[in-house]
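Consider the two complexes below, in which chain A is the common component and chain B and chain C are the respective partners.
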Partner chain A sequence: MHDVYNFVSGPLVWVSFIIFFGGCLYRLISMAVLAKKKDVFVYEYMSFKYGLRSIFHWIIPFGTVKWRKNPILTIVTFTFHICLILVPIFLCAHVILWKESWDIGWWYFSDTTADILTGIVIACCVFFLIRRIVLPEVKYLTSVSDYVILAMVAAPFITGFWTYHQWPGCKITGIVHIIAGEIMLAAIPFTRLIHMVYFPFTRGYMGSEFGAVRNAKDW
Partner chain B sequence: MGKRTLIIYVVITLFVCIFAVMSGYSQEDVTTVEDSAFEEKMRPTVQFLHDEHNEAAGLEECDVCHHVYKDGEKIEDESSEETECSECHTLNKGDNPLSLVKVYHLQCKGCHQKEKAGPIMCSECHPR
Partner chain C sequence: MAEPAMKQSDETGEIFDKGIDKGLARLTPEKIEQVINKVLSAETGARLKTYVNTCVHCGLCSEACHYYLSHDNDPKFSPAGKVKQTIWEILKKKGKVDHKFLKKAAEIAYTECNLCRRCAMYCPFGIDIAYLISVMRRICHMLGVTPLYMQDTAHSHSATLNQMWVKEDEWIDSLFWQEEEAQDEMPDLRIPIEKEGAEIFYSVIAPEPKFRAQLIYQAAVIFNVAGVDFTMPATPGWDNSDQCMFSGDYEMMGRLKKAHFETAMRLKVKRIVMGECGHAFRSVYDVGNRWLAWKMPPIPVTHAVEFYYELLKQGKIKITKKYDKPVTLQDPCNISRGRGLHEKARYVVNALCEEFIDMQPNREHNYCCCAGGGVINTGPPYKMKRIDGNRVKAEQLFAAKARGAKVVIAPCHNCHGGIEDINHHYGLDMELHFLGDIIYKIMEKPA
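And now, the complex of A and B:
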C-alpha cells in the first residue's frame, strides 16, 4: 500500500500535470497552426470586441437566448462547471497536500461545504447521463465516448465522496480517487474536455463572425 | 501474633498494595496526539498509543520525534518531550492552522512514507 500510495501521489501527479499543461499548450499551438494553413479567415475575422461580447454573454447564466430556452440545463450546467472547478482547488484535504509538498496554502471550504458541492457535482453527472439516454435529440448525437468522458469526470468525485465518508474499502477508493483525478487531468487535452481551453477561441470566433460579418448577435 | 498486630499488618499491607497500584497508574500512558494550539478541530483527536508505537517502530531515542532544532540544525542528544510542538512551530492566534497541520503530517505521515510502515491515508489517523 505504501509503495502504491507513494507512486500515485508522487511521480504520477507530475506525469498528469505535465501531460495536462503540455498537452493543452500543444493542442492550442497545433490548432493555431492548422487554422493558419487551412482556414486563414479565422484570423481575418477574429474580432476582439465581438469575441469578448459573445464570451461575456455566454458566461452569464441566462445571458443568451439559448440559455433562456433551456432553463433547467442552464442551471445544471453552470452549477456543475462552477463546482467542478472550485471543489478540487479549495478542498481542505487537497490544500493540505499542497502545503505539505510545496509549503503553499490558500483558503479552503469547510468539509461540510465541500461535501455538499461534491454531491451536487455527482447529481449533475447523473442528470447529464439521464439526459443523454432520455432526450431523443441528445441520444441521436451520443456515442460511446460521451459516456466514457462523463464517467471519467464523475469518477474522481464519486471516489472522493466515498473516501471522505470512509465507507467500506475507503483505502482502495482513496487510491482509485487519486488515479481517477490524474486520468481526468491528463485526458483533458486529448478529449472533448479540451473545450476547457478551446472555449474562449471557439466562442470568440463565433461571436466575431456573427458580430463583424453578419452584423448580428450570436444567440 | 496478637489480634492487634495482625490488624496493623493487614492495614499496612493494604496501604502498600494501594500505593503500588496507584503509582502504576499515575504515569498515564499517552494515547492521543494533542496540541492546545488547535482551537477548532476539523477532525477528531488522533489516536496514538505512544509506547506501543515506539515498540513496533523500534524507537529507543526520544529525539527521533521530540527533536530540538537550532538555526536549522538538529541538535544531537537533546530532546523536547515536555514541549508541545506548537511552542516552536508557532501559530499566531486566528492564524490559518495549515502550517501546524503540515508539521504534524510530515512528522507522522512523512516518516511512515519513508519507512513504508504505519498509516498514510487520511482515514487511517482521522476516523470519522
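And now, the complex of A and C:
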C-alpha cells in the first residue's frame, strides 16, 4: 500500500502536472499557429479592450442578460467553478504536501470550510448531472463523453470527501482520490475541459468582433 | 416578398426542393466525402476546431433562438442542436455522410438558421454558431446542394451582378422613371447618375428597382430636400445585396463586393450610403470586405438609419408634424447586433413619431425577423417553415400591439418580408413601414 501511495503521490503527480501544463501549452500554441495559418484575420480583429470588456461581463455573476435570466444556474455555475479551483489549492492537506515536498506554504481553509466547499462542488456536480438528464435541450446535446467528463471532475471531490471523513475503505479512496485528481488534471488539455484555457480567447474574440467592428455589446 | 403560399411537400412533411434534391442525386458517396474534407482542410482551422472543442454541451444557447422558442423549446431547433445535426456529425464521420443526412443538414443550415448571431450573446464562451452553420452552407454550396430559389438569386448575381436579373438598361430606366415621377412633386429634383466626385454613392438592393421603386423615389425626395450631393451609378455594381454570402458562394460574394467598391472608387465618392437593408449592410461592411482582404471596407459605408440620424441631427430635414400613429421598431440584426445602430434608430423614430412603444426584448437582444440570412430567399417551399419558425416574433408584436403600437417600423428589407408574412399569417393587423416612408410622408417639402 505504501509503495502504491508513494507512486501515485510522487511520480504520478509529476506526470499529471507535466501533462496538464505541457498539454495546455501545446493546445494553446497549436491553436495560435493554426489560427495564424488558416484564420489569420483573428489576429487582426482581436482587440484587447473589447475582448476584456466582454470577458469581464461574462465572469461577473449576473453581469450578462443570460446570467440574469437563469439565476439558479448562474449561482450554481459560478459557485462550482470558484470552489473547483480554490478548494484544491487552499486545502490544508494539500498545502501540507507542498510544504513537505518543497518547503513552500500558503494560507489555507479551515477543515470545516474546505469540507463544506467540497460538499458544494459535489452538490453542483449532481445539479449538472440532473440538468443533463432532465432538461431536453441539454439531454439532446449530451453524449457519453459528457458524463465521463462530469465524473472525472466529481471523482476527486467525492473521494476526497470520503477519505477526509474516514469512512470505510478510506485508505483505498485516499489513493483513488489522488489518481482521480491526476486524471482530471491530465484530462483538461485533451477533453472539452479545455474550455478553461480557451474561454478567454473565444469570448475575447467574440467581444472584439462585437465591440470593435459592430459597435455592439455581446452580453 | 410576394411569393405564393404553396408548400411543395408530401404527407410526411418532407419538403421537396429541386435545388437540393437534384443536387443530391448527382452526388456519389466518394464525391461527398472528398468535397467535405476539402472544405474542412482548406477553409477551416483554429476557429472551427476551438469552437467544437470548447462547447460543453450545456444548452445555454437554446433560448437565444427564435426557432427553438417558436417550436415549444424543441431541442432540435436549438443553436447547438443544429450544430449537432450538421457539423458535429460531419466531423465525427470524417465526411462519410449519406444523402439523407445532407438533405437534412442543408435544410437546417439554409432554412432553420438566420445566422442572426443572437446565440453568440447567450453562449458563455461566445461560440460563433452562425459561423459554424455558415461552414455547413459552404459545404452544401461546394457540393451543389443549395435551395433552388436562393441559387436562382445567386445565379442572377453571377450573371448580372445584381440579385433580381435587372438588366443594365432597366436599371437606368428605373432611375429615370422615378426621377420623372418625383419631378411632378418637385420639378427641380434630380437623381444624378454617374456624377463623378459626388459626396455620396447611394446604393440599394435590386428588389428596389424590381418591385419597390417608390423607395428610390422617396430617397430621391429626401436627398434633394436635404441638399445631399449624391449619385447613383449607371453600371453593374449598383446593387449592394448579396445572396452569395448566404448560399456559401464566397468567390461570387467577393466579385460582388469588388464591383461595388470599385464603382464607388470610379465615381470618386467620399462614402457609400445604403438603403434600408440589413443583409446588404452585413455583406458590404462586415463580411464581403473580409473576403477581399479589407479589414474594414475600403470606403466608409453608412446605413440609411445612420444617415437619417445625421440629416435630422443636422437639421437638414425638418418635420411638418410628427407621425401620429403609435409605432414600434424592429431592430434588424445586421444593424443592431451588426453595427450598434439601435440607439440612433430610436433617436430617428422619436424625432419622427409622437409615440414610440419599444418591443421586448429589444436592441441587440431583439428577435430576428426569420427572413434574414437568406432564409426568405429559399422561397415558397420553405415559406410556412419560416413563418412557423417565428411564432415568437408574432407574440412579441402582439405584446407591443397590446401596449398600443399600431405601426411596425422595420428599417430592413428582409425584416419587411418576414414581418409582412407574420402579420398576415398570425392576424396581427399592424401597418408596416420603412423609416423612409415616414420621413417622406411628414417632412417639409418645397411647395
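Of note:
Keep in mind that, in the parts below, the second predicted complex is superposed on the first by the 219 of 219 C-alpha atoms of A that agree within 3 Å, B and C clash if a C-alpha of one lies under 4 Å from a C-alpha of the other, contacts with A are read in each partner's own complex, and residues count from 1 in each chain.
The rule is short, and it goes like this: contacts are C-beta pairs under 8 Å (C-beta built on N, C-alpha and C of every residue); 3 or more make two chains touch, one makes a residue touch a chain.
The shown structure was predicted, so the numbers you read here are calculated from the model rather than taken from an experiment.
Aligning the two structures on chain A places chain B and chain C side by side, free of any clash. Of the two partner chains placed by superposition, only chain C is touched by A:V65; chain B is not. In the superposed model, the vertex angle chain B-chain A-chain C (Cα centres) comes to 170 degrees (nearest 10). Contacts of A:G207 after superposition on the shared chain: chain C is touched, whereas chain B is not.
Of the two partner chains placed by superposition, only chain B is touched by A:G174; chain C is not. Judged by the touch definition given at the top, the superposed model places A:W219 against chain C, while chain B stays out of reach. In the superposition on chain A, contact is made by A:A35 with chain C only, not with chain B. In the superposition on chain A, contact of A:N6 is made with chain B only, not with chain C. In the superposed model, more residues of chain A are touched by C than by the other of chain B and chain C.
The superposed three-chain arrangement places the nearest Cα atoms of chain B and chain C 36 Å from each other. Those residues of chain A that touch chain C in the complex are listed here as 31-32, 34-35, 37-39, 41-42, 44-45, 54, 58, 64-66, 69-70, 73, 135-143, 146, 149, 192, 194-195, 198-199, 201-207, 209-210, 213-219. Of all the residues in chain C, the ones that touch chain A in their complex are 43-47, 49-51, 53-60, 62-64, 68, 73-76, 78, 80-81, 84, 120-122, 124-128, 286, 290, 295-296, 336-341, 364-365.
Listed in rising order, the residues of chain A touching chain B in the complex are 1-3, 5-6, 92-93, 95-96, 99-100, 103, 105, 110-111, 163, 165-166, 170-171, 174.
Listing the residues of chain B that touch chain A in their complex gives 42, 96, 98-99, 101-102, 105-106, 109-110, 112-113, 116-117, 120-124, 127-128.
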